[in-house]
């Protein structure tokens, strides 16, 4: 069955980002769709990530004056119109011929930011040129320090001005067989399964010998001057370590339910982590944002900003830059409406007390 | 597909108000039905409003003498046979050619009361004439004080003897495209989206500049002598403000799940609000009443009276005044039966202790 | 569609009493089936009655010596082989041509007991003659004391040796239109809706004027020497009243979910009531028993014996006396097996501590 | 419909042990499949066993150094590469022509262990010969001591070097009618229903007279020198008794939901039992393991090792020894991956603190 081609206009009837999914489905092969939408294990975390937001209650606060409110935010000296960052997602040429460049253009057209994956399917230089402004770079450990440093330096030379180090997926997850023309073009060569002897463990004696450690985080911190964020933390001890090592930010994330199934949702651990971070570093939220209301809840529970993942890929798959920009705009509108009805004029007004008491288990 | 015409008799087999829904469906266009039944966002609050009642347990108290019991109530010096008010619902000519007049006649035939919407599709004067007695008027803020005052004065001149100011929907919600012959005939002109500049927010710089504030409530209180109720409160701080400003009553409501999705149900916040109001003002309950048993539960948790919404529109859509009157009667019968089996002879006998302990989390 | 005729043998493949339901369905008209299986209101209590048992956890206690165990019980000086009484169910000729007589025979063949309804469709004398031994009589209030006393005396004269006074259904519930040949043959005339004036309440000024009160219980206690049980209590205050008035027993029941929908399940209130009764009266459990495991749980939570309702009517509808006897035997076998695996050799060994701690919320 | 024949290779597309079930279904008759997959009663425990694992949350601990990790374990002086034992399952010739021998070979090829059932369908000697190394023997009580001792001595003579005494199924459960060529070949004769008199109980006066008691455990302990484990405990008092009698190990189990329905899951009672055992005996977990993640959770909650049941029978039914070995390998790989992502390099590193706090109800 032939796939439908991209649209050159926003499809009619779209009310929310999730409405793009139905339009994306006939435009992606079953394999690509499964790769995009799937979770690990039994899919418990994938589902829990979404359900978690339903368990947090908003509270309407009518009659509050919110005229001239806005959603502006400054992260590491950079100004954005809204706190909705595009998360790093690999191989975006699976979803659109012009891949990451298209999403980066849309992010910047909406005066936001995109984090480009180590596994981008376009060259880092090409993407940043298309964007027309600095982007952030997501780093996967490349098995050893020299190799990792070469990739990192390439990104910094290209103009990426923040580094987000993903640490929660040390073992390459099962992935679809990539088409011939889609690959991680910025890597020297893909990380392959290390050879093990017959009586050795593929996991412990193989993959995990290529995984980064806390020592590597400390080393990495010394290599770069740009902001360094660690992505993929759920445990407060790991947050404490990250702060101790002088990182500039961290991302609470369970990798969208794609790595270790059955861990807590990011939303469940966010309040305690926010309490620990307490402004000492930039705290981003990832995993499960589908609507502006979700972003409001994550901000109320302590995040400084959020990352959106699958939803912008739906927009990319349907209508390219237009689709991505529309997804961002829809979520921002929802965030603004939620703020207005909750009596919050700025992001700083979004607090724990913006939620219903019962959301806090009281 | 042609819509079925109205019935001139009560349809056979009706046991409860909800049975009218099946008869209403073939008599309404899909657009109108969707407009009536829909909720905002993911519909969480719409569903939670109904489910909340199932979580409150009744307690049978056999062998109590309830002979000569009744459901009579006095609100603001007005006597009604029962505590089931018709909630303000816009554009009732979508559901019946003669719209609000028909519902008002039925309300009064059942010796109850109706609150007529600012967005009524018939003239305020025509409706009150059809009713043959004073009605209550629901007020939407008209963007500024002069315009609001002109609408208010028109209602008071027409004989409306109480004002219910709805404050939880400052931004016009998405609504269906109205047919040519159905519109808000009592407004000078419909509120339109305020113009904003390219870099401004449609929400904060547009809609919210037309929203009322607490100062406007204080101003409104000074303009009128008739009872003033504020509708759309969920937070105790807002209830306290309302009491402080000298309002005569308030309506706990989440707007039937139609505005900010994901807020608490009215039932969840009712006990704490009732505790705060403590007889200092009239406390009405709105959002989710489908049966007389539901009314009993809201009264037990502290409401003085309740408002019913969608159910009477089902009756209106099926059999006009006869249908509305029947819906009210069915709910009153259910309320009486629940009272009798619970050992309550009058509304004053319906107390927290009328419920099962487990309803209170004990 | 013609109904299937009764079987003259136990149908193949029956493992539990519930398996009889599938066989009963084609043997009953839709109206009769709906009457038997239905609950009041939204059916919340009907479903909760069954679900409640799933929330109580058993605990296996292997290696306990239970040889020579048994399920024998003595109630009011009467010996039974098991604690599974047949509950009073009206109009049993709806389910079998020979109605209550058949069920009574089966109960006694299984060395148990049946409580015959005031609304029996066969004469009290005929039923007791078929049984060949004394039965218990269920009393509905007949609107006034003289009329009630005449019915009661008829039963006592016929040889019924215990009276179970049902108090939780003072208003006649909606019932199917009875066939011409099925009626409450033991009543002087059926209780009819009392006439009310136009401005009066059908409930408060009508039905409830015929309802019994606590004074009537006291009066009734004085009229009879045989054991008197009150059926239909859920509130501890009502239990206390019953004990104070000198009744010999009581039945915790929500009338199988057929009267006031949304009250607690019998199982939920049983522990607190058992604690209050503490052996001062006979405590029976009713509403929701479908298996011997359920009976075990009710006994562990404090009941002396249980009543089964719909399940024996399924047996009656399928295979008459044989079916009823089989249903009783299946449940007794399940009870015995549950006892054996739980380490209980006699009913006295079934205690709170026979359940898993988690069943008690610990 | 003819059954599909066994495969001689691993079927394509298998990702987890559970994927074997779909391949097993067309290779087993409906009766055999029902026997394998069924639970007792309403199947509450069968389902709860699986759901319980979803309620325990893992916690990712990235950046931990787990190079050279492994899953090795020593039980009673015997070394195994992993803690995944094959549970005793009766009549394995229902699933494969060469029955238990095939599973035993696979267990040992994977450097693990199998517990052979008293109800094996092949001779104990034949199975151990096929395995090529000592196995463990599961003992069912044979009604009396002499008969039990004869069976036990046969197993010990054949080289079985540990005895697991199953105590939670004293009454033979309903079982399918076995084909002519499948039977418990190692028993002198199958235990039959003991004769009872007409007024006696089949349960108490029949089956339970053949059941073992605590005295029999003490006697058994004296008969053998090899490790003795008691299987089928849920109550801490029974665990205490087992320890007191000097047993070497115990198996927390609800018999896979096949005996007393409605008891706690093994996982629910495991922490308290582990706390009591505290290393004084070997603690095995049984009932509900379907994935390596499940094994990780049971180990974190205190088990020393786990037993897998139905999953290896699926592998046996599909592809014989190859299938069983693959099922074991898949689960071990999942266990290793879960360990690596949780920061555990060895089984000793898997602790309560390896789980999310919320798993412990905090």
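Going in written order, the chains are labelled A, B, C and D, and every chain counts its residues from 1.
What we mean here is this: a residue touches a chain if its C-beta (ideal position, glycine included) is under 8 Å from a C-beta of that chain, and two chains touch if they have at least 3 such contacts.
This one's a predicted model, so the numbers in the text were calculated from it and none came from an experiment.
Path length between chain A and chain C in the chain contact graph, taken as the least number of steps between touching chains: 2.
The copies chain B and chain C differ by a rotation of 90 degrees on their C-alpha atoms, rounded to the nearest 5. Inter-chain spacing, taken between the CA centroids of chain C and chain D, is 43 Å. Mean C-alpha position of chain B lies 60 Å from that of chain D. In chain A, no residue touches at least two other chains.
The touch graph of these protein chains is a ring, one cycle where each chain has exactly two neighbours. Residues 15, 54, 56-71, 291, 293, 333, 336-342, 345, 356, 358 of chain C are the ones that touch chain D when the two sit in their complex. Within the complex formed with chain A, the residues of chain B that make contact are 41-42, 44, 167-168, 170-171, 174, 201-205, 207-209, 211-214, 216-217, 232-235, 238, 241, 254, 259-264, 268.
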